[in-house]
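The following pair of complexes shares a single chain, chain A, combined with chain B in the former and chain C in the latter.
Coming up: the complex of A and B.
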């Protein structure tokens, strides 16, 4: 018998565009840097500690899970590190280590691994982690209390708390420009609006997150806040204050467009984004919570499979 | 049709190869010692039933001689490209259970041309085209050869179906006169007046200069797949349960049309196939070889050595198929042969779908590929078809090309379609019983 060469056989296509999950995640980390660096600048070494711990714990939890379940180790793809970074961006710089440990556990294990790992999570894992610890230890998320020891050269009253407690007139001391520059009390990665926008636009340009979700989210916020302000200007503030305070921009560019928990068809993406925006303002203006982003996105994550059923007619179908 | 996400500056769209960049001359592959001819009219017949076969070992074939592998009155036949003796007859199983009879012809020293065609075809008619020319390079579909009046439009594809290939574009750019002649013959013998040459923009002027009725399509992949040509030029989206015949359209490649002209001009059945050969380093050349030439002879003529763990692909990089042996022949529709070096092969992975939606954006058939692949992975082929339009896929392969998780989406889809056809066939059988 003639010695046969052993050729590799596989199915078409035989070329690939070279995209990789790890590259995607490293790009998300890169996009988070401007906002994070500003956080480090304002809150110093404690913020660095919080972010570092959060990333390490996230990776640790995924590694621990894959060792226990004897599954393939995929920590190299950076998806846990991204969960860790985004989770830390929502924490105050004073968050204690055990809070981060528990939060990342909820995010990585409960938010993602038990649903089947990457791609299986119905909710954005970082948001789920934050939501649970926010409900459990809410005193750590009272940014006025948490950041009491930081003495900055700007108004250290948490803007959304001011709005909630004292009404629209109390926020006149905040200038939108200061808010954009990060001169406000808040979470490590959520205060520097311009940085988050730069990161977000970078991700949109790279095609990593979808502009439909981001822009419709912003549109939802602006429209709803504008409607409120139009009918009762005394009690509700204008849309731009909402845009640059709390987790808003973080939600728009880093939380809502998370792959697995957001829609993929165009119309559903727009509905999803609008829904996030509208719910955020509803919760902020009428609800009990100062910041509505977390719950707005969680709710929209929940109905994502349902709205993603709105799809265009396939080729040749009538 | 890679749609860019908003302001996406980093990803390029996929363009078909253009013959403009081809400067090198055509490599003529020397005559092989043996030819392998594939006959695909095989359904459930077993090769062992030798009484079905009309040919046997040691039968002598002349160059250009047609022969029916079966005694059955089926109109399908093969044309031998060399003068030689049949040395063996085997079955060959290909992808998705497709069966061929492979007939190996060993070359004799002296070449004798078969005169049957030239005697019987002084004038081009549909009857003698149908009798002799269905195996010409590029191939002619049966719907054209047995025209019963349903076909109103024939598209002559001066474009190539898949990336890397320039075969048909080369015919348009350098053999436009025989193409024109072939189109006239085609019009005359079929009585179909609406024969339209489809080319990319840069060849439009060449075609217009020759006064051929021409339409231009985009050079962006996958715009020259037949279904998308029909959509672009006739504004019809062909439903999955209909064929091109139902809407009165058929396709023929530019190479086939040029071969028709050549056949009637020379009185010989053309057996030389033009194809694009892609070497390991990615460089592309045009080669001419007889239909049935084993790929190893082609590779040798093109100075490419095939080693273990390389990949040998017939058809283009998006829709072709990888084969396991270099003893596979050039068929009359093999426009492209690609050799990929072992270290350049992109592997699939077992990552799950992360629901990024890139495939949904890339899909020219507007399928929800992300959901489809979940159903297909679970083997729920009928649900995949009912709810996520499995059968509407036009098989361009872009979903797999862009998949960040490197899921073999296209393979799942093809498998799903194959299994779905089996399920439907079984259901139909049960109704008949």
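Coming up: the complex of A and C.
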């Protein structure tokens, strides 16, 4: 007779393995630090103020919502603070306080709380907040105008605006290495590519975000940008410029892999990531917006439940 | 860490970061710069970002102030911004009120003032052509 190993499950109480939502969120905050510190270094005290207010307002909105609806106060789990941090990372250092107040309201209340709170949001709340204020007050996201009084030792023309308006030949003054180091005009937490990658790899190693989404997102960007550049090199630039400019890396590691708004199965994750990457380059190259990340991820968030049905994991399979 | 402790941390984080935000916003209120770094000219044909510092500095293009700021002549201490005299409106033939800061109305009556669109195009393109450097086509300056 074959001796079979059987899994024995005992009755409750069980031992908790220590993983908590708050631990996950503290790790995301930690992962965002390298990119944020670079933002503080380049843009100074103004950037600190923007990030501070964004976190504070985000926690406040969740607290206010829980008081009004008489529900349990969950601000301690850090999820609103994470929304605040990621939201601030996409803002210019000169963002006015009221823009942050409105944006965090949209992100926390409209983006998450009205859908039932944590885990119920169909869109990444930070992206929804940014998208709404970007459409409403687009002049604050003109980084050439927003950072006009910052004196740096590098080219302060927003790279994606240069590419969009003046074509591929105009970006020869930007070196990829400088872009990776954050020597470019942009949002507080989006300029320092190396820092975002370090934070992202930390999150992957910790199992907080899924590598399938991140790597397929990058693959989508590389393949699409390469295809454009191959057929019309005079009009379109290569993939690495796209990878290290705008919100790209922030989108890859901090925006697209958000739990609630991204797929849970492997093949859907890959399709989701590829879709984000392809759409980003399509919007940048043939759309009207200089940076397509926000809208690309929003669209993929929207069709995420459908993608998750393409190849579902067999239920109960061990 | 228990729930109550986490809640307490969140309260303190909210308050402390709010105070930090208010202080930094109060400390870094908007300033006007006498010698601007970059200037954004907003036009219906697409904004133009002019790098004032690079044009004016010795290590940049080394353009002398009076090459652009031509009025008043020989007085670098009283440099006036281009658009304080050259306004956008090409239908308005009246001289801007800023002229009256220094001149009597009778002295400047009948004086023609070019609008800013013509002035910037003439000045920028002429200089770029003369030096053989810099953009001269629309799409090389105007950000769409």
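Operating definition for what follows: the second predicted complex is superposed on the first by the 297 of 318 C-alpha atoms of A that agree within 3 Å, B and C clash if a C-alpha of one lies under 4 Å from a C-alpha of the other, contacts with A are read in each partner's own complex, and residues count from 1 in each chain.
One rule holds in what follows: contacts are C-beta pairs under 8 Å (C-beta built on N, C-alpha and C of every residue); 3 or more make two chains touch, one makes a residue touch a chain.
Here the structure is a predicted model, which means the values were calculated and not measured.
In the superposition on chain A, A:166 makes contact with chain C only, while chain B stays out of contact range.
Of the two partner chains, chain C is the only one touched by A:46; chain B is not. Between chain B and chain C, B touches the greater number of residues of chain A.
Looking at the shared chain after the overlay, A:73 reaches chain C, while chain B stays out of its contact range.
Judged by the touch definition given at the top, the superposed model places A:312 against chain B, while chain C stays out of reach. Applying the stated contact rule after C-alpha superposition, one finds that A:113 touches neither chain B nor chain C.
By the touch criterion defined above, A:11 lies against chain B but remains apart from chain C after alignment on the C-alpha atoms of chain A.
Within the complex formed with chain A, the chain C residues making contact are 1, 3, 5-11, 13-15, 17-18, 20-25, 27-28, 31, 33, 36-40, 46-47, 49, 53, 139-140, 142-144.
Contact residues on chain A toward chain B in their complex (touch as defined above): 4-21, 24, 72, 74, 116-120, 204-207, 210-212, 259-260, 262-265, 308, 311-318.
Touching chain A in their complex are the following residues of chain B: 4-11, 163, 227, 231, 237-240, 242, 306-313, 315, 317-326, 338, 340, 342, 345-346, 348, 350-358, 360, 364-368, 370-371, 389, 392-394, 397-398, 400-406, 408, 410-411, 414. The part of chain A that touches chain C in the complex is made up of residues 22, 45-46, 48-53, 55-57, 59-60, 63, 73, 75-78, 81, 97, 142, 144-145, 148-151, 156-157, 161, 164-166, 170.
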